[in-house]
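After this come two complexes, each holding subunit A, first together with subunit B and then together with subunit C.
Let's turn to the complex of A and B:
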C-alpha cells in the first residue's frame, strides 16, 4: 500500500518534524521504496509466534530506593539553548 | 626505530612496558599523523590534542611510579556518539553540533580509568544511520585504500582511522553492521559484542534493543585486549548483562582443532560477488588447515532480517530521537512562534533527510492501524531469526559467512537510493536482531580493495570467537595488508 503526500504530512506532524514541500515530495518516493522492501515480511507465516522485543531474557533489575544523583542543574543548563534562573525557556503555552 | 603508528596495540604495549618509548612520544607521533592525514580522510571530527598530551604525561608518570596498568599510555579514539565530558559529542549531526557533553559514557570512562589516552572523536553517519559514512554533517569520510570510495558506516571514521594508522584502536557501535561492514571495507578487524556485554550508558541512542558498543583494531588479539577494558556490568544501563568478564587474551592461543564452524546457506547467495566467494573459500581452507570442521547449517528466516530490521530500528529511533526538542540541549530554531513551531523547526533543521526518513518510517509503523502489520510482524520475525540461530548453534560452535556482498563502493554510488544502501547490511543485521556477538576479520584483497569475513557466535562467546580469528591470523597475513601510504597531502 503506497503512501500519499497526505500520509507523509500526517506522520511528520505526529513526529513533530518540520518538512518543506520539496522534502515531502522526495521523501514520499523514497519511503514508498522502503515500504515495498518492508512488505516482504508479509510473506512469512508468523501465526502464533510470540513477538520478541529484546534479545536478552532479563528481568528489570531493582536497586535500593536511595538518591544516587547529585544536583547538577547549573552544569546541565549551561548547554541549554535558552535557560535563565534555573528554568528552561520555551514560547508561552498558557495565556 | 620503525614507524610506531604501524604497530599493533599489543606491540605498542610491550614497547611502553619495556621503556623503549614513552606515552608522550607515542601520542605525539599519532597526533602528527592525524594532523597530516585528516584533511584528506576526514576521519576525525575533533582532535583532543592538549588533553591527549596531558593524559600521556600522566600515563608516563604512573609508569615511573610503578602504578601503570596493562593499557596505561596506549592511545585510542572514540566514535563521536560516546559522550565525552567537556568535549563536543556531535553524533555527526547538525542537531548536536553545539553539544558539549556534561558527562562521560561508560566506555570512555573505562578507557580513561585504564590509563588510555584519547586522541579525539571520530566521524560517523549521523546518529549511526548509514552504511557509507556519507551521511555526516561534517562531510564524508574517505576510504584510505581508495579516496574515491566509502569506508563503510556508520563507524566509518573509526575504520578509516585504524586502517590509516591514525590510531591503533578505536571504539565503534554496531546496530545493524556498523562495526563489521566498515571493518570489511577497510581491511581492519572489528568486534560487535553480545548485546548487554558493553554498557550503553552515555551512548547516544539509535535503536536501544540493537545498539552495542565495540571496537575496531588491527588484529583479533588487539580486540581481545580492548574488550577486557570496556566489557562488564554497569548498573547505569538496565540492559547491561551481569556476567563475568573473562581474560579474552588468555584463550587466544588455544588450539581450534575440532572446532565446528557452520556455513549458513542463506549467506552464500546470488548476491555474493564471485571473487568474494573465492576469498571465502580461502578462509574456509585456512580454517580447515587449523583443524576446524566446516559443516553446512540452515538459517531459514534470515532473508527477512532486512525488512524486519528496517521496521524495528526506525521504530525505536523515532522514540529515542523524540528527546531532541530544541529545549534542553542541541539545535534550536530561531524565533519560534509557539511550542509546536519550536519543536517542528528545531527538528526539521537539525536532522538530515536520512534521519527524517527513519523517524517517519518508525512513526508510521507505530501509528494506529499499522502497528500489527509492521511492528508486531517484525518482532515475530525477529523471534524466528533468533530461533534459527539457537538451532544452528546446536550443530556448530561458530558461524562463518561473508560480511558484505562486495568491496567498498564509490562515494555517491548509493547515496540517493536508501533501499540499495539498506541492502548493504544483508549479511550483518540478523546478528543484531538476535543480540549475538559478531566479528569481521580481513580475508584478502580483490582488485586492491579489502574484503572481510564474519564470525558469529552464541551469546557471550567472544573469547571463542576471538580465539578462532586470532588462530587464523597466525597462519595468514591478510590482516597485515595496509593501504599504500597517502603521500600527496
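Let's turn to the complex of A and C:
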C-alpha cells in the first residue's frame, strides 16, 4: 500500500505540521519506504503468535493511590510563556 | 413513524485520592493549577504510573454489571490537539479495555424491565478546563482536572427513548454510588454523559446517521436534549433532507441542540498503544479481592426490602436507588416496625422535602429514629395523619423530639368518645340548616355531606380528634 501526497497533507494537518511542497514530497518518499518495510514484515508467518502491545515482554507495575505531589505552581508558571491569576494563557480557542 | 436509537457514553470520575498516572491530588474546587504536577503538564522525560485503586474501582464496576474483566488491559494514545490536553493525546484504552461486555436492567414506566447491554468500560484520564470568556483574545487553562481518572462506560445503542436513556443513566448512577467509586455529582462534572442519537423508520433494521450530543450534565437535560434532537432529525427527514454525522451541544436555555464542529477529521484520533505503559495484567487474587469487597447491590437490596418490609416492587425500586436513602428507610422500617408506613413517609414527605431543600438525606434534619418515633405515634393513635404532618414540620425546624413536640403543642389525639360526642353535639346544635338538609338527603348523597360536619368537628378539636371516631359518632347522631 503506497501513500499519496494527499495522505501526507492530511496527516500533517492532523499533527498540526505545516509542510511545504518539497517537504511533502520527501516525507512521502520516506513514509512509503517505511510502509514497504511493513509490507515485507507482513509476509512473515505469524499464525498463533499473540500480538504484543509493547516491545518489552513485561507487565506494568501499579502505584498505590496516594498524593505524593505538592503544589509547584509558582515554579512551573515561571517557565510558562504566559500565566495570569494562576491560569496558563494560550491564544484564544473558540469552540 | 420513526423510532429512536440511542446509545450513551457515560464518563465517571473515579473517587481516588490521586490522579490516574501521577501523585497529584484530585480534590475538587482548589485554586487553579495547584494540583497540576510535571507529569500532568507533560514535561519532557516524565513517565506515567497507573493508579492501582482506579483499576480496583473499574473491576468492581465490571463485576457489578456481570461483565468480562480484562485480565490484560492495554493503554493507548488518543491523539488530538486542545490546550487543556497538555500531552497532545489522552491516555485511554482502545482494543483491550479493563471491562468487556456486560449488562444492566432498567425499569420502564409501565413496570416492565429491559436489559441494556454495556459494550465496554475503559479507564482514561480527564482533560483540564479551558476558560474562554475571562481574557481578551486569550484562553485560560486550569490543569487541576487533567489526569483525573475516568471510567468511560459505553452502552449498546439499545435505548429506544429519552426516558429509557434516563432510566439507564439512573441505574449507572445508582451503581457507582453503591460501589463508592464516584460521588456521581453531575453538577460538578463527576458524571457526564454523551448521547448518540439516530432515528429510523419504525420496524427498519438499518441504523440512521447518528449525531453525538456532548457533555450533558443533568438527568433532566439528558431527557430534554435527546427529545429535542429526535425532533430535529425527524424534521430534517420529513423535509427530505439528510442528517449529518456531527457533534452537537445542548443549549438548555433554548431547549435545542446546535452543531459544535464536524467530526469528520477531528474524529481521526490515530490510536496506538502507549509505549510509556506496559500491559496491565490482573491476577485472579486481585479480581477476587474486588469481588469480596462488593457491597449489596441495588437489585439484591430491592428483593430483600420487599421480603423483609412487605413493600411493593415499585416502592422498593424507588427506595433502593440511592444507597443513603435506602439505609435511612431501612432504619425507619426497623425501628418503627411499620414497613409500609415507613415507605409512604420516606417516598412522600421526606423525598419531597429533600428535593425542595436540595439537600441529601445525610444532612436531613429529621433523623431515621425521629421518623420511626413519629410513625409509632401514628400507629398507637396518639397522632392522626393531620397532627403527624404538624409534628413532621416541627421536626424539620428542629423543635425537639417527637414526644416533646406532641407535649409542647398539645397534639395528643382525642380518642375519648365522650369528649368527641360533646363536640359533635355542639356542631349539630350550631348548624341546624345543614342538619336538616342531611336528614332529608338520600343515602348516596349523605356520604359527601358528612364531610362538612367532620371538618367542623376536626376544626373545633384543633385537628386532634380521632377521625374514625368522629365519623362514627357523627353518622350515628345525625341519623337520629
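In this section, the second predicted complex is superposed on the first by the 82 of 95 C-alpha atoms of A that agree within 3 Å, B and C clash if a C-alpha of one lies under 4 Å from a C-alpha of the other, contacts with A are read in each partner's own complex, and residues count from 1 in each chain.
Throughout what follows, contacts are C-beta pairs under 8 Å (C-beta built on N, C-alpha and C of every residue); 3 or more make two chains touch, one makes a residue touch a chain.
Computed from a predicted structure; not experimentally measured.
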Inquiry  = Tell me the contact category for A:63 with respect to subunit B and subunit C: first, second, both or neither.
reply    = both
Inquiry  = With both complexes superposed on chain A, which partner does A:23 reach: first (subunit B), second (subunit C), both or neither?
reply    = first
Request  = Could you say whether A:34 touches subunit B, subunit C, both of them, or neither, answering first, second, both or neither?
outcome  = first
Message = Touch test for A:7: subunit B only (first), subunit C only (second), both, or neither?
response = first
Ask   = Of the two partner chains, subunit B (first) and subunit C (second), which one does A:86 touch, if any: first, second, both, or neither?
value = second
Message = I'd like to know which partner A:49 touches here: subunit B for first, subunit C for second, both or neither.
response = first
Key: Common interface positions of subunit A, toward subunit B and toward subunit C   = 14-16, 53-56, 58, 60-61, 63, 72, 76, 82, 88, 90-93
Key: Residues on subunit A engaged by subunit C in the complex (per definition of touch)   = 10, 13-16, 53-56, 58-69, 71-73, 76-77, 82, 84-95
Remark   = Per the touch rule, the subunit B residues reaching subunit A in their complex are 98-100, 102, 195-196, 209, 235, 238-239, 241-242, 301, 304, 306-308, 310-311, 318, 322, 325-332, 336-345, 347-349, 351, 353, 356-357, 359-361, 363-364, 367, 373-374, 376-384, 386, 417-419, 422, 433-436, 459
Remark   = The residues of subunit A that touch subunit B in their complex are 3, 7-8, 11-12, 14-20, 23, 26-27, 30-31, 33-42, 44, 46, 49-56, 58, 60-61, 63, 72, 75-76, 78-82, 88, 90-93
Ask   = Of all residues in subunit C, which touch subunit A in the complex?
value = 16-18, 22-25, 31-39, 41, 49-55, 74, 79, 81-83, 95-96, 130-132, 134-135, 137-143, 260-261, 265, 268, 270, 273, 275, 277-281
